Amino acid sequence: VAHVLGPNQYGKAEVRLVTVDRSTPRHEIRDLTVTTQLRGDFEACHRVGDNTVVIPTDTQKNTVYAFAREQGVGEPEQFALLLGRHFVAHDQVDGARIAVDAHPWRRIPVAGSEHDHAFERAGAERRTTTVVLDPGTVTVVSGLADLVVLKSTGSEFHGYPRDRYTTLAETTDRILATSVTARWRYSADVLADGYHFGAAFTTVRTAMVETFAAHHSLALQQTLYAMGEAALDACPDILEVRMSMPNKHHFLVDLTPFGLENPNQVFVAADRPYGLIEGSVLREGVPTAPAVWESVVGFC
Amino acid sequence: VAHVLGPNQYGKAEVRLVTVDRSTPRHEIRDLTVTTQLRGDFEACHRVGDNTVVIPTDTQKNTVYAFAREQGVGEPEQFALLLGRHFVAHDQVDGARIAVDAHPWRRIPVAGSEHDHAFERAGAERRTTTVVLDPGTVTVVSGLADLVVLKSTGSEFHGYPRDRYTTLAETTDRILATSVTARWRYSADVLADGYHFGAAFTTVRTAMVETFAAHHSLALQQTLYAMGEAALDACPDILEVRMSMPNKHHFLVDLTPFGLENPNQVFVAADRPYGLIEGSVLREGVPTAPAVWESVVGFC
Amino acid sequence: VAHVLGPNQYGKAEVRLVTVDRSTPRHEIRDLTVTTQLRGDFEACHRVGDNTVVIPTDTQKNTVYAFAREQGVGEPEQFALLLGRHFVAHDQVDGARIAVDAHPWRRIPVAGSEHDHAFERAGAERRTTTVVLDPGTVTVVSGLADLVVLKSTGSEFHGYPRDRYTTLAETTDRILATSVTARWRYSADVLADGYHFGAAFTTVRTAMVETFAAHHSLALQQTLYAMGEAALDACPDILEVRMSMPNKHHFLVDLTPFGLENPNQVFVAADRPYGLIEGSVLREGVPTAPAVWESVVGFC
Amino acid sequence: VAHVLGPNQYGKAEVRLVTVDRSTPRHEIRDLTVTTQLRGDFEACHRVGDNTVVIPTDTQKNTVYAFAREQGVGEPEQFALLLGRHFVAHDQVDGARIAVDAHPWRRIPVAGSEHDHAFERAGAERRTTTVVLDPGTVTVVSGLADLVVLKSTGSEFHGYPRDRYTTLAETTDRILATSVTARWRYSADVLADGYHFGAAFTTVRTAMVETFAAHHSLALQQTLYAMGEAALDACPDILEVRMSMPNKHHFLVDLTPFGLENPNQVFVAADRPYGLIEGSVLREGVPTAPAVWESVVGFC
């Protein structure tokens, strides 16, 4: 029986790159995790181990470090585009997926002033980007991950159907907490030189976080949708937002066995299971891009 | 400007379920992590917080536990099908994605005999399944994750192109190590009552592991492809195999500064970065199923 | 042969507690992970399973939640003292170890103002405390964990001995990065009512972080010691500081194969192995407290 | 005010070492994680950054790899002793703590035979050792970690005191599950050449696991103590065993809302909080060794 090689890609994952811009005494640092994945006609490699056209993943790693020195990293999106265009310029490479996570640092304040060359990690939240290069098309999908937010009121949940397996009590006041992963697909306009990806990131993030805070929630789905709408309204250069938002349950502790009321004051923060709400908001009339999303998320 | 609700799903993630079959003194245990996700017309929930047709994730969790008692869990695939069919029978639910991870235990040997009711965790490897239910079609994709394997010889890597950024030395003898994530898509035949998913799992896993061991490797891609072919050859009920295999690098330590040779004896096991080889093998003539794979892997 | 029961303790670990102070529309939240461990004469339990004097760990958990409601949590140190004193008041309990980790949140800014009831996680760093109660004595050891800091210059390393196994090059300019775990032992004076543990925490943390930034380092040990001295100088109520500081290596990438210089600009952030520097600074004349530290750190 | 340098140590943590014995076609592999920590008069380094007597952690790492080649690794205990004795032979080093974790692999079976050079990871459980060298004395403390075991019956819990905060129901039949960390201190006799640490490990581990299985438990403390006794009875060369055993709660799911009984069949495996039972058993008449245990467990 004959078999066929299906979708495939290969590359170097999680190259840890830190750069220091020392052009002035006030250093700037970038802390990135870079993954490069290449696609093309690698059938001979799969079938008979012929590596003639296989750019080693070690070379890919070296290229990341060399480009960081030669070209500078700039915005994560621009660095990813630079790397992706370099790799697809090879005859044997038809497409690429370059993912960059940026890890946040802030300057340490010393006696009220921000230090020139000392930094502290600013949180676990990451700024992310994935650039997908296919023959004739380049797509930039950026986002954020591990943004943990919580509202101590302003969230209700009721009106849901009840069946034999329903025990949940309705509530008009609960804690709502989640860890947001969001990704937004940019329009092709951002590929022009000098697009301000950093400013766009801040605009989108601010819109989403402010909406989480200000929106009165009847369902986490409603909050998610409102956050997506706010992102689209705030940044005209994005076509679509996808979000994955675990409902990090905070259950009210039943204190009645101890003769105590608990008027929404004492909660247990649960680990598992958790609700998982996932959705997307598109600008009207914009075509969906399933092939891009397949590239952005996991392979297997 | 108007916005549109795009792809979305919601459910309960990582419900931890352990069952004990006590029908004889020789207990059987099952240890599962279950995730249920539902799809349908949830636009009113997203837009105005109308939960009229939203089966709470808490109810989904309850259903998992109640079904485990009422119906038993059986094979992970059968339990996932049972749950999925239950949920899509609701008017408002068009589709579902039910994922089940099975965690392995083995009986503790006491004085040479396996104990009736005492078990030890048999490793970190998981048996996985994702059942995707769409209108008119049900697909079962099963697999394994975190299967860590290593060959101390029988692996070469050379003949690759060299460019300005290539420094890697060619080798005819290296350690090859990886952590296999594999998923295989079953044909619709397995939906018949009484299909032996457990036997199929063992057949596929054995074929893949034996091939990893016996195959002389010129590239991890070649090993991956051979493992996929072996799986298809071993089990006629699977149509396609996808694999994601990090190249867990073991670098030969340079001991020459200490006046020592190192003839492939002392290695450093590196954490990051790692090569990442991903590919799929299909039975010839079988249609691909991109929509299914979109459901199986991550959303965002 | 007879055996003897040695050191032992038991309790409930990692009780996840979130409280909301709703006394004004501007909510305050506390997010704590609480571990209680009790000591006493539990020999009958160990030898014959007699639980007559064993306060169940489930009861300990309930007590945490009930006390949070009845007494409020206040500062982590005060909540730990409250719990510890409650438990050692039982006849059978001779001593206790109560550990509390506090997880940081900050208010979400909306249009320039901090929101009343919406928060974002402020980082992975934790404020920690362990209260050790023994017959006749109570000790408070507080600290911080996972404070990640980095200097892009102002760090040297040279002058070390060379032996057959030394290959490291000396440097007068390297990146210095670490993840600080620090614990400081308070004097008994802080047990008086109304001690401001929060202010003390801020004072000590600021002294340590500012010293990390401002100190010109010839060795991570020297930086550690200077941080400990600064802590003792800043807060008269602490007797001793212990620190564990991994040297999170940032290696300069060798770009010469690509015809590039690398004047301290492009680094690889390594995972493992890492240097591990651990040390303590005591106020002169203060007796050490080995039994307390045994209680603070791990059992086994 | 003057300050004093208190306890301190430094070294290289988590050196990842894999060795292949290729002396016959049937390869043997060792997979170790090695941590070296040195103690001595390092005051000048802490106070003024004088590294004159500070063996760099990089040199320590090199030594691990060079010794693996020159001397072979043998049993983890022997490799740790070798390294420790090498380091304390330096004038400036008074003591050392060498910790080695061994990661298990097993041969891949191919057509019923174990393969010569292909292996699969045999689980997450680790064999551990810590060798503590102080002036005039060397102590070996070995153990295991992450041994996860479960009994589906044969465990009771009742007879405990009830106070205002007690809600737990008594039970005569529950699931008992734990993840064992155990460490045993060897007598000085094992320092003689050729002691069979591997055989001792197997003897102690078997005694503990078989006891977990066979022992009818009235409390996890009782199980722990019985396991410690069994270890001491099985291996005359160990003086003391310490164990840390989280009670991995498996709660019976209340199915009565769904009209179902649940006769100990369906359980939720909880993450947090968990009971934490820690204790030790000593051979009668053996002196305790608090300074050794301080070295074995964490610093801060």
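Order of writing sets the labels: A, B, C and D. Residues in every chain begin at 1.
In this section, a residue touches a chain if its C-beta (ideal position, glycine included) is under 8 Å from a C-beta of that chain, and two chains touch if they have at least 3 such contacts.
The structure displayed is predicted, hence computed values, not measured ones.
Asker: Out of curiosity, which chains are bumping into both chain A and chain D?
Answerer: Common contact partners of chain A and chain D, which must touch each of the two, are B, C.
Asker: Select, from B-C and A-C, the pair of chains that is joined by more C-beta pairs in contact.
Answerer: Of B-C and A-C, more C-beta pairs in contact link A-C.
Asker: How far is the middle of chain A from the middle of chain C, if each middle is the mean of its Cα atoms, in Å?
Answerer: 30
Asker: Take the average of all CA coordinates in chain A, do the same for chain B, and state the distance between these two points in whole angstrom.
Answerer: 23
Asker: Quick one: report the Å distance separating chain B from chain C, using the average Cα coordinate of each chain.
Answerer: Here chain B and chain C have centroids separated by 38 Å.
Asker: Could you list which residues of chain A touch at least two other chains?
Answerer: Counting only residues that touch two or more other chains, chain A contributes 15-16, 62, 66, 164-165, 167, 257-258, 271-272.
Asker: Using the touch definition up top, name the residues of chain C that touch chain B in the complex.
Answerer: 164-165, 167, 257-259, 271-272
Asker: Which stretch or stretches of chain C touch chain A in the complex?
Answerer: 15-22, 27, 29, 31, 62, 65-66, 68-70, 105, 108, 110-111, 115, 117-125, 147-154, 175, 209-210, 212-214, 250, 253, 255, 257-258, 260, 262-271
Asker: Which part of chain D faces chain C closely enough to touch in the complex?
Answerer: On the chain D side, the touching residues are 1-16, 35, 37, 42, 45-59, 61-63, 66, 143, 156-161, 163-168, 181-183, 217-219, 221-222, 224-225, 228-229, 232-233, 240, 242-244, 246-247, 272-284, 288, 290, 293-294, 297-300.
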